[in-house]
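Two complexes come next, and they have one chain in common, chain A, joined by chain B in the first and chain C in the second.
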Partner chain A sequence: MHSYIQIILGGVFTGSLYGLAGMGLQLILGTTKKVHLAYGHIWVLSALLVSSILYNFKIPVIVMLPLMTILCSLFGWVIHPKILWRNKKLTDTPRSFLLMSLGLALILEDIGTHIWALPVSAVIHAPKSINLGAVMIPPIKSAIFFAALVVACCLSLFLKYNIYGNALRAWHGAEDDIVLVGVDPSKLGKMSVTIGIGIAGLAGAFLALSYSAAIIEGLDMTVRSLCLAVIAGTLTPWRVLGLGVLLGIGESWISLLLGAQWAPVLSYSLLLTMVSFR
Partner chain B sequence: MRLLIFWIIVIILGMILWIFHPFLDAYTNLIIWTLLLQGSLALSYDILGGYGGELHLGHGAFFGLGAYISMLALIAGIPWGLALVCSAIGGYIFSLVLSRLLVPLTGGTFALTSLVVLLFIKSLFRNTGQITGGTAGLSAPHLGTTGLWFSCTLLLFLICLWVHDSLEDSRFGRALKAVSDDPLAAETTGISRKKIRTQSLILGSIMASLAGGIFPFQSGYINLHSAFGIDVAIGPVVMVLLGGPGTRFGPLIGTVIYVGLQEWLWTHISEGNLAILGAGLIMIGAFFPSGIVGLIKSR
Partner chain C sequence: MRWILLIAFFLLNFTLPNNSFSQNEIRIGLTISETGHFSAEIGPFRKLAEAWADDTNKEGGLTVGREPFKIKLFIYDDRSDEATARRMYERLAVVHKVHFMFGPYSSPLTLAASTAAELHSIPFLAICANSPKIYTRGYRWLLCVIDEAPRYTYRYWDMIRSKGNVNSVSFVVEDTIHPQGVFEGARKLAEDAGISDINYYIAPPDMRDFSSILVKLVKDNSDIVFVSSNIPFAIKFISQVQEMQLKAKEFHVIHHGGVFRKALGEGAEYITGQSYWTPGMKGGQQERFIRLLKTSRISVDDYPWTPAYMMAFEVLEATLKKTGTIEASPIIDTMKSMEIETIGGIVSFKDNGAGSINTYPSQIRNGEYNIVGPSEVATGEHIYPRPGYNNIR
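Presenting the complex of A and B:
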């Protein structure tokens, strides 16, 4: 009984991490309608960076979380120029952006492989687990769950009540019309990518503190986040989080029954099934 | 007339290569073989990826599938000719199944789904190690003579070139271009979008599977990275987009540049190849999505 609770709890924590990352990608996808194939690589790379920084410098864990979020946001702000969302007749196609984001993914994978040849983790810097009877609750994994709840809440409020959030929602619904009312889509695109990649940075920091990370998992992570973003629909952070938790629980059971190597197959199968029936 | 001259040159060059390759050193043979194999892949990709107008990121899955089927057939003692036939049949069946999923999709959804298919297949092959060898890979008795794998690759390249060249002036090729440019208009003229796209997917997939089937002949060993690696999968995409998708000579130009650049990088830098590939994709996506041929045509 306790082992089943432990498995489900583990799934909830893992799924919260997926949901957290998924929210960032859904924000990018839901507003710009462009698939960012380098998202998972940025997520994993930030995890590797956190592990290295914690290993080499005595920076408190609590500082790393916002620091990595800000760093990744800055990275997103710099790397994604406004021109990507400017309406150019010849090159402003989803295919161009896909190619460019895939190119970025390959560059990041090469950099990651070169610097971190083996998987790394900062789990040793995380606080020890708390025992509740026979069930162990790792504090950092619980923090992922609560952080995901907070981010979902903040995103929902931002999209609903903030003027820029309203603009992002309007952009999704009526791409050409927002220009008529004076909204600059290139500015919005840059904003959504900055926020989305910032969320990836936060997810990466949590990833480093609770699991091990390897850059070759980047594309798998992108597909997982994409799976959640696509299935949840558009700009629905709560639904992404909920689906993420379900995915995490599903992967935990698959790992138990078939082995951990089968876990990624679940998200691939879900995405392919979703695409088949849509 | 120019086309006739082109084909005469191709046949003469092919015959020269076939006659004189035993006298070349091993490295030169390997480079020429790589050019021919990658060229075959690029030409097969260009059918749906170029003329069909889709970004088919899962094309590498057929190469990998063909490689594994051929290798398993060789290990089982099946003669190499039949092993190739098995690869082609495997590619045909898989593309038939996949067409139900991919053909209705377009644009970014098509690209993404095809990429997920590649990752899915790679995962399946990794997790069924009892059959596929998993991460350790598979070895087969080396087929020995350079002549065999070189000749097979040369023949495949010529066939792929002929098929690709036929698209430019054939009814099928024009229908494929019409479906890519304006599907609704094409349907109103009686062209079945579903049928044309399915046929192009199957045709390209069989060619890619054959290329994959030949691959183990040269190396005698395959693993997940050499069969399904991201650089193997993205290579044909880069070659075609670099040269010019949906053009007669685009894939060939792209192949020569890509293989040449890769070889130069391996010998001079020896790392950072993935990053160079990535930078190439960014340049193509940002500055010349219609490739070198498209750039020349527009000037």
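Presenting the complex of A and C:
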């Protein structure tokens, strides 16, 4: 019985991390209708940065988490100028944004390879696990789950009750009409990527503290987040998080029953199924 | 028109590769995975190769018989990609007309690159490529410094057999070519060492949550948990082992270097692994190797494959001294017949071209690596079981 609880917990923690990152990408995808191919690289780069900072400076983990979120938000704000959403050529063709984000991904991968040639991890800075009977609860992974809940709650409230959140949801629904009601889509686009990439920064900090990171994993992380964002469908953070957790638990059970080598099949099968039936 | 021809003349002279042969010059080619997924293993090794070439040329060059030959090195980035590696080795053969090739990193790249050497009849010394598939093709021009993957851990199992009190082992295997090859050999070696209770679990390289495997390992309660994987996988697995406080007398990983140790901190203590070399070993050009590491600013802890490259350089130096020529056939025939002392031991070659160099079991203690077997090369004692083993669940 205890081993089943441990497996479910393991799946919840991993799935929460994917769900957390997935929420950020879905916000960008759901509002701008553009796929951001550099998202995973930013996620991994923030993990690498957290590892390096914690290795060289005595900064408490509790400070690193919001610090990385803010840093990544600022980074997102700076590297996504309004012209991305004002220029007619770019707004008319999602492929242009796709190519530009791919270019950014390659640049970030090159920079990451030069600075962090080797994989890094900050797990040694994470607190030790708590023993509850025969079940081990790692505090930092539990924090991922609660952080994901908080982010999902905040995002949902923001999208539902905040004027800018309403604008983001409206933009998702009716792209051309938003301009007619006096809303500046470039401002919305910048806001969307700022928040989305801030969430990626938070996910990266948790990634460094729970697992390890290497820059070459960037594209894999983008694909994983994209799978979740697409499967979840509409702009609903709770659905992304829920799917992420279910995916994590599903992968853990497949690993247990069929063998770990079959676990990755689940997410891609789900994606193909959802895309086929939509 | 005249100006165009003049500009074209200057451009051709300064941009095309200079393939003019200098007297007493040996042209050596290789690729390094400076980008791509193998860059974490050997990314900065261009500096090592160049440091070796510069150091040798400062001393007058490679001794071929009695004549000194300057080294002219040609290095390309294979981008950790087989097709690129093949293309670059073709270029080394056709454009640069190299006399000798060192192989790229990894079995898949070597499998591709060695075909270029075979096609153009150029001696090719593979370095970090131990998949048996490479050596089943009957290639005349291919040799390798290291032994085949199934024998990668034989010294570790010899040491375990001599203990006499190890009854069970559980393998956790990363589902990629090299770890799988090492695992297959290690399983057989464990059986030969008298261990009958053997379990194994295969996992994809990007796995993050090992709960399903850890739960089975708790049930197995094996004496040894043997992780056959590359370093990123090993870090993720061992960190979760520590989270779950899994009990085992020994954890063994086939690849562990400074990255592994730094990532896990105290958690890496007493974990055993496989090393080609640690400071304090005897044989070969130890001091020169340390000097080259300093010059190229590469740490052997962070890049544990540097000794294999040094051994390859030593093999070439010894061969050329004996052959007295840079002609291809004498080089490869002489190399095949030699036994060469290097920093990692004696290098000799089997009929299929595979080498004799194998790793030694090593253990991390107080943040440093100690070779723990066999006794003639050991730099420290093997601590088994791990301290505090009886205190955990």
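In the analysis below, the second predicted complex is superposed on the first by the 259 of 278 C-alpha atoms of A that agree within 3 Å, B and C clash if a C-alpha of one lies under 4 Å from a C-alpha of the other, contacts with A are read in each partner's own complex, and residues count from 1 in each chain.
The rule is simple: contacts are C-beta pairs under 8 Å (C-beta built on N, C-alpha and C of every residue); 3 or more make two chains touch, one makes a residue touch a chain.
Just so we're clear, the structure is a prediction, and the values are computed from it rather than from any experiment.
Asker: Given the superposition on chain A, are chain B and chain C in a clash or a fit?
Answerer: By the criteria stated at the top, chain C and chain B clash after superposition.
Asker: After the superposition on A, what does A:S96 contact: first (chain B), second (chain C), both or neither?
Answerer: First partner only.
Asker: Quick one: classify A:V120 as touching chain B (first), chain C (second), both or neither.
Answerer: second
Asker: Thinking of the overlay built on chain A, is A:Q6 touched by chain B (first), by chain C (second), by both, or by neither?
Answerer: A:Q6: touches chain C, not chain B.
Asker: Using the touch definition from the top, say if A:I79 reaches chain B (first), chain C (second), both or neither.
Answerer: So A:I79 meets neither chain B nor chain C here.
Asker: In the overlay, answer first, second, both or neither for which of chain B and chain C A:P264 touches.
Answerer: both
Asker: Contacts for A:D220 in the overlay, against chain B (first) and chain C (second): which applies, first, second, both or neither?
Answerer: Both partners, chain B and chain C.
Asker: Would you sort A:L104 into first (chain B), second (chain C), both or neither based on which partner it touches?
Answerer: In the superposition, A:L104 contacts chain B only.
Asker: Hey, which part of chain B ends up inside chain C in the overlay, 5-13, 221-229, 257-265 or 275-283?
Answerer: So the stretch of chain B that bumps into chain C is 221-229.
Asker: Kindly list the residues of chain A that each of chain B and chain C touches, one partner per complex.
Answerer: Residues 110, 113, 220, 259, 261, 264 of chain A touch both chain B and chain C.
Asker: Per the contact definition, I'd like the list of chain A residues that touch chain C in the complex.
Answerer: These residues of chain A touch chain C: 3, 6-7, 9-11, 13-14, 17, 55, 110, 113, 117-121, 123-124, 129, 131, 134, 136, 138, 141, 211-212, 214, 216-217, 220, 248, 251-253, 255-256, 259-261, 263-264.
Asker: Within the complex, which stretch of chain A touches chain B?
Answerer: By the definition above, chain A touches chain B via 33-35, 37, 90-91, 93-100, 102-111, 113-114, 219-220, 223, 226, 259, 261-262, 264-265, 268-269, 271-272, 275-276.
Asker: Could you please specify the touching residues of chain C with respect to chain A in the complex?
Answerer: 35-37, 39-40, 43-44, 175, 201-204, 206-216, 218-219, 231-232, 235-236, 239, 243-245, 259, 262-267, 302, 393
Asker: Using the touch definition up top, name the residues of chain B that touch chain A in the complex.
Answerer: Touching chain A from chain B are residues 55, 57, 100-101, 105, 107-109, 111-113, 115-117, 119-120, 123-124, 126-127, 230-231, 234, 241, 271-275, 277-286, 289.
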